[in-house]
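A short write-up of the structure that comes next.
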Amino acid sequence: MFYREAGQFKTSYQSDSQIFPLRQDRIGITILLLLALIAVPWLASDYAFSAIFIPFLIFSLAALGLNILTGYAGQLSLGTAAFMAVGAFASYNFMLRLPGIPVLLAFVLGGICAALVGIAFGLPSLRIRGFYLAAATLATQFFVVWCLTKIQWFTNYSASGVITAQEIVIAGYAFNTPLKKYLLTLLIVAVLALLAKNMVRSNVGRSWMAVRDMDVAAEVIGFRLMRTKLLAFAVSSFYCGIAGALYAYAYLGTVEPEAYNLDLSFRILFMIIIGGVGSILGSFLGAAFIVLLPVVLNLLAHTLALPTHVASNLELMVFGALIIFFLIVEPHGLARLWQIAKEKLRLWPFPH
Amino acid sequence: MNFFFEVLIGGLLSGVMYALVALGFVLIYKASGVFNFAQGAMVFFAALTCVGLSEKFQLSMWLAIPLTMLVMVLLGLAIERVVLRPLVNQPEITLFMATIGLTFFIEGLAQLLWGSQPHKLTLPIEDVPIEYVMEHYNILVSQFDVIAALICALLVTALALLFSKTKIGRALRAVADDHQAALAVGIPLQQIWAIVWTVAGFVALVAGLLWGARNGVQFALTFVALKALPVLILGGFTSVPGAIVGGLIIGASEKLAEVYIGPLVGGGIEGWFPYVLALLFLLVRPEGLFGEKIIRRI
Amino acid sequence: DEQFVPVLSYRVGPYAAGGSGFFGGAIDYFNLINAKGGLNGVKISWEECETEYNASRGVECYERLKKSQGGASLVEPLSTGIAYGILDRVGDDKIPMTTLGYGRSDAANGKVFPYIFPLITSYWNQAAAMTKYLGDKAGGLDKLKGKKIVHLYHDSAFGKEPIPVLEAQAKQYGFELIKIPVAHPGNEQQSQWLQIRQANPDFVILWGWGVMNAVAIKTAQRNGYSREKMLGVWWAGSEEDAVPAGDAAKGYTAMTFNTPGNYPVLDEIRSKVYAAGKGNLSDKARIGSVYHMRGVTAAILWTEAILKAQEKFGKGKTMSAEQIRWGFENLNVDEARQKALGALNMFPPVKTSCEDHEGSGAVKVQQWTGDQWKAITPNWITGDKALTRAMLEESSNKYAAEKKITPACLK
Amino acid sequence: MNHNRQTGDVILDLQGISLAFGGVKALTNISFNVREHEIRAIIGPNGAGKSSMLNVINGVYRPQQGQITYRGQVRKDMNTYAAARSGIARTFQNIALFKGMSVLDNIMTGRNLKMHSNFLLQALYWGPAQKEEIAHRHKVEQIIDFLEIQHIRKTPVGRLSYGLQKRVELGRALAAEPEILLLDEPMAGMNVEEKQDMSRFILDVNDQFGTTIVLIEHDMGVVMDISDRVVVLDYGKKIGDGTPAEVLANQEVINAYLGVAH
Amino acid sequence: MSISALRPEATADNPAYLSVNNIEVIYDHVILVLKGISLQVPQGKIVALLGANGAGKSTTLKAISTLLKNERGDITKGDIHFRGERVDQLTPNELVKRGLSQVMEGRHCFAHLSVEENLLTGAYTRHLSRSELKAELDKVYHYFPRLRERRQSLAGYTSGGEQQMCAIGRALMARPSMILLDEPSMGIAPQLVEEIFEIVKNLNQQEQVSFLLAEQNTNIALRYADFGYILENGRVVMEGEAQDLASNEDVKEFYLGVSGAGRKSFRELKFYRRRKRWLA
């Protein structure tokens, strides 16, 4: 009975179409944000920031981007890391070549570059669908990374092909400690998540979902497939681009194009599938799962004092098995699990 | 001109090797609508098990191969029971994801059982140029590749017959279309899947042996899957002959491109060229060369 | 008292074989040291973290372990991606990082990279040494004139790194350099080798990684190219590269910064560590294999740095990372010391300074006999160090300018 | 026939439409017209080409021959988007709802063409975008009330029973406030009571908004009762056209479709 | 007369007997849909399942054919017996082998198989020779001549009604002893509806096939059925002999569209019917 909507009557459509129509949810999210903004900085260690929270937030953002494309617009993509790479390398070059440009602007421009690349590689989606499209997006993945290694201008002719992200300075204030980077990332991700949530609950979002669920019908209703799909590619790549830039600037610092390899694309894909395809919340849950699980498994394996090669392989096996397990328990991901839990709570203590 | 033919033939033969891996994908996709990402891992697992068995227990290959086949059967059955059965009628992407989970599991299992060391695998076919062709035409054709191509042709014919001529073939296609309806007409999904995964295991074993003999048996065998993907989309996910034709096209054009276009742009284009080629091709035929037409009727 | 070393290892995935050999070697040596009473009584403790050779996981491991058990003494991720991911961090955390035979070549400049130690040798020096060796083989560097050398490389930053050196030398000595890239992962090289066959070069430099090496050797065989004329980098010169190629690998040569063979220290590891059931390798036969020996070498250099630091800052005490950094910067493992350690000639003598974090630059060439590696150059060889030094200065200074660092030696 | 509204001029005119798929002739030289405000039924045996006819009208299929005149404008064929723009909405025989979306969202998509705020504003969910969203929500809620599906407003449509899905689909088409509403077997899978309701909805839409309706239905009771004129197709050919009474009396129609006289 | 007295009882000599006992079905762990449904189908009888949209007819049928699991539905209570054997834990394939097959709602033809291949899959569980198969096919084509014309087309391209015929024909190919039919008349032209029910009757009388059919066309369903159940909101609210139901006032009013004054024109109904239901 904790989770009851009884007594919460919506007197206007405005209040009914709030992001979180239920009071409990609103309170919950506020507490969460406050925790993230105030409690976490107080309590967490540098390790937590720089190895857990920051990558978690960045991956969440990338997952959000992919979720927009795959979860909402239904275009399966395996090229996420490529868009991240574009965002990162473009931001780097903007900062390098336009000295004095505000960092955030560079990120946004980087995101826009990624969006443009996204649109270019999204064009085939007008004809190609499903796994065919997925396999075709691998072209993006390999091509972009190849370009970044081949064309040395992108890496400013560095001999080793790596770029070193410039320091993040906003209005004279340097974001140079893990805590500061964490806060910056948190803010960017929170704002972008809010925008994403708004998009998916208004007409754009509906157009994406319509195209995802049944594109012929969507066309008949008057959605323009080309525009809708390309917009999804653009927005998604924009998000991924920003995530990629943060990956370089707030997380790794020095990166080579190879850091944005197929593995990364797959990791992001796991996140949205484990978290929940077509769910903003799911992007976060999935990212948390994929970031934390190996750490937890690693710690576990070491407390068990297994021989190391056994431990490492077991880790991998358990990771795979857990993915399967979760899919079996709930194919719609953690977000759906959470929803079911809420529905059960609503009824609790009665079974139905 | 000789050089051109050499590249072309080399490419075609490599293409057959890709097709061999692609076949495994096609089988499972055709039979269940699942894109089996774990195929690469199965290739690795099969080859490693075979080599592992023969090295550890001093078995001859002729004993190790059937034993491995047995292992692959067990693996197929286990996958059906543990992974697929609970996921009947789920969206494709869920099944796809499950096979990724499976990939990790199989990779971990393989290395846990047999260690992470690379091994050599010697088949009684030597990988040297065929002398006759070398002498008379001065074109290099690898004997190994030719034999591999023959084996592949054999497999393809057998599988193509299986799909087009038998009741099982029809049932497989039905399952791929609609799990629920297939169940409703009494098609035993579990048996079908078990069979298909076993056959896929067999194909993986063949691919694993041939690729293993070529590149050594090591983890990187899982990467050959990446070579099979463009072949698949070009040939069509659902077509056995498509895998072969796609393989030939991809193999030949990728080699020609690397040799003739590569130097102009700095080379190393083999990684993405097949994908871009396949993509361009898809723009003309969205379901690949021989893929089943995508029916969108309202 | 304990000296903590985080071990960012990888024992799964495509590079697991190398990872388990290297880190196995290092841990074996730690166990040996501890069995012998530690470093002036200070035992070494360590904790492993699986990185899967993945930058993001590597960073997590680093961050997790850097503060545990009294703080990390040093790190060695054995992965370029991870090394880059923690490059800035080790500077901030003041923890020395070694990158044996990989990573940024220009990090040898300690004025710009005070915490990075590409010990023994870097890619640039390797490339220069290769030219030297090929020159010697041809009967003198001047005989390289008119010769054709193919640089067959992994198409990534790694494979392209030596190109400036090779190009400069091609110009200097008048040989023709043909660059042929192989797309990752390199499991198909027919087109490259047809090109090579076409060009019919005098030598092929194999700048490969992972499966690409075995495939190159195999494909060389099928295309009838002599393996004796192939010269691999040290990442293409281990058992893991030669064994899978089978018989094709016989006669293949590769660079190394270890001399293959047996050494007292390895015997000691067998008798004191493995006999006590503490060996890290699951297969004892791998003791003394290339990666294992490389791991032992790394561990020797690490412990030598700690000992060096103890000499200065207090024997028998736990050293801080800062102090160990000093130790790394003032390493001097000469032949006498090597002999004392039971590792004479196992690796080149290393003497570092602030300007030179590499400390040697010498390498050997080894050849695969069909079941093991044999050194075929009796002495350590070094290439044109003046050339590489100039490049190193230029590159590191550019980095310093970008990062707004004023190059200077740390005390 | 007590009809509140007079049917008007011809709004949609089809001339000599032929459509074939490979060897299958779905439609052969079909001509008929639809007048403004009327309820026009298309009937015929299975596979006669009824659904194909609707698909031609709103541009899903391109006929090989023939021409379509819509509001005085002649075109060889339609395209779906243009058809939607010019006020043609429809439902589908095999339910084509957006399965992953809630009932509310599904119906909201119907209003898509009436929404104009750009996507940046929508992302901010602010000002005009929010106002617009809420204004349209009002409209949609009216339709939801109208169809009596308030209680399932937030349910994903994939979870609804077949009949309810049909109703939602009608709602989505209605939300577009179309000039012409094409309904492909809207009452399949409903019981009499529900059909009565559905008929009432259709009549009301027709009455209140003056929407022209083209209806495919196999329940002759419904067709005879609510339609103004009926076209009968058989094997892609037109075999009858006229008022329900006329069609009912047509022997050819009886043979091909009705079987025993009703 | 008490209705329950009419309920056919289970007896040992009544083997093809389907009985559903007080089952409860929950979708997705939380959505309770069937709240204790019991029904019986005697051998050789036709039983109709009636009810408004969303009442739970299809769910009941899927529960019987064990297809529910794959839609994340669970039978949490009750049991189902077929020919004296408990079947709720069997696989659909085993059920078909035991002679129970289902025609699903919404057609579910195999889109990429031709019509004829669709029909052939129906005979999967049977081991027939080529000529036997052909005879079976001919039988179906005889019932549905339209299918013969379209036999080579991919089912995905056929019209709605053709697909419906294909689905029914496919189930017939299994030669079951009991068929669950979910809205067989949906999307079918009137004269063919009659024909389909004639086929049902024929099979029933000549081959002793039992039927459980969910049908919205109450009129015709009650005409052909022996027995009927009316579902409302996941519960059985009424059951009885078909004729009795057909003459029941409420049924007439709500399901047959005839009130005291006889059949009303659809046009004449001026109000939506805020109906008062039997609330269980």
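A few points about this structure:
By written order: A, B, C, D and E. Residues from 1 in each chain.
In this section, a residue touches a chain if its C-beta (ideal position, glycine included) is under 8 Å from a C-beta of that chain, and two chains touch if they have at least 3 such contacts.
Predicted model, so just to flag it, every value in this text is computed and none were measured.
Counting hops only between chains that touch, subunit A reaches subunit C in a minimum of 1. Using the contact threshold fixed earlier, the set of chains in contact with both subunit B and subunit E is A, D.
The most distant chain from subunit E is C, comparing centres defined as mean Cα coordinates.
Chain pair with the larger contact count among A-D and B-C is B-C, by C-beta pairs in contact. Taking the mean Cα position of each chain as its centre, C sits at the greatest distance from subunit D. One simple way to say how far apart two chains are is to compare their mean CA positions; for subunit C and subunit E this gives 73 Å.
As a whole-number value, the distance joining the C-alpha centres of subunit B and subunit D reads 48 Å.
A separation of 29 Å divides the Cα centre of subunit D from that of subunit E.
One simple way to say how far apart two chains are is to compare their mean CA positions; for subunit A and subunit B this gives 32 Å. Residue positions 11-12, 16, 20, 155, 183, 282 of subunit C are each in touch with at least two other chains.
In subunit E, the residues touching two or more other chains are 28, 157. Counting partners per residue, subunit B has 107-108, 111, 115-116, 226, 266, 268-269, 271-272, 297-298 as the residues that reach two or more other chains. By the definition of touch given earlier, these chain pairs are in contact: A-B, A-C, A-D, A-E, B-C, B-D, B-E, D-E. Interface residues of subunit B facing subunit E in the complex, by the touch rule stated above, are 88-89, 167, 170-171, 173-174, 176-191, 292-293, 295, 297.
Note for the complex: subunit B touches subunit C at residues 3, 6-7, 10-11, 13-14, 107-108, 111, 115-122, 127-129, 140, 142, 144, 211, 214-220, 222-224, 226-227, 254-256, 258-259, 262, 266-272. Across the complex, subunit B meets subunit D through its residues 297-298.
Listing the residues of subunit A that touch subunit E in their complex gives 340, 343-344, 347, 352.
The touching residues of subunit D, when paired with subunit A in their complex, are 58, 60, 80-81, 83-85, 89-90, 92, 96-101, 105, 108-110, 112-113, 115, 117, 119, 122-125, 129-130, 133-134, 137-138, 141, 172, 176.
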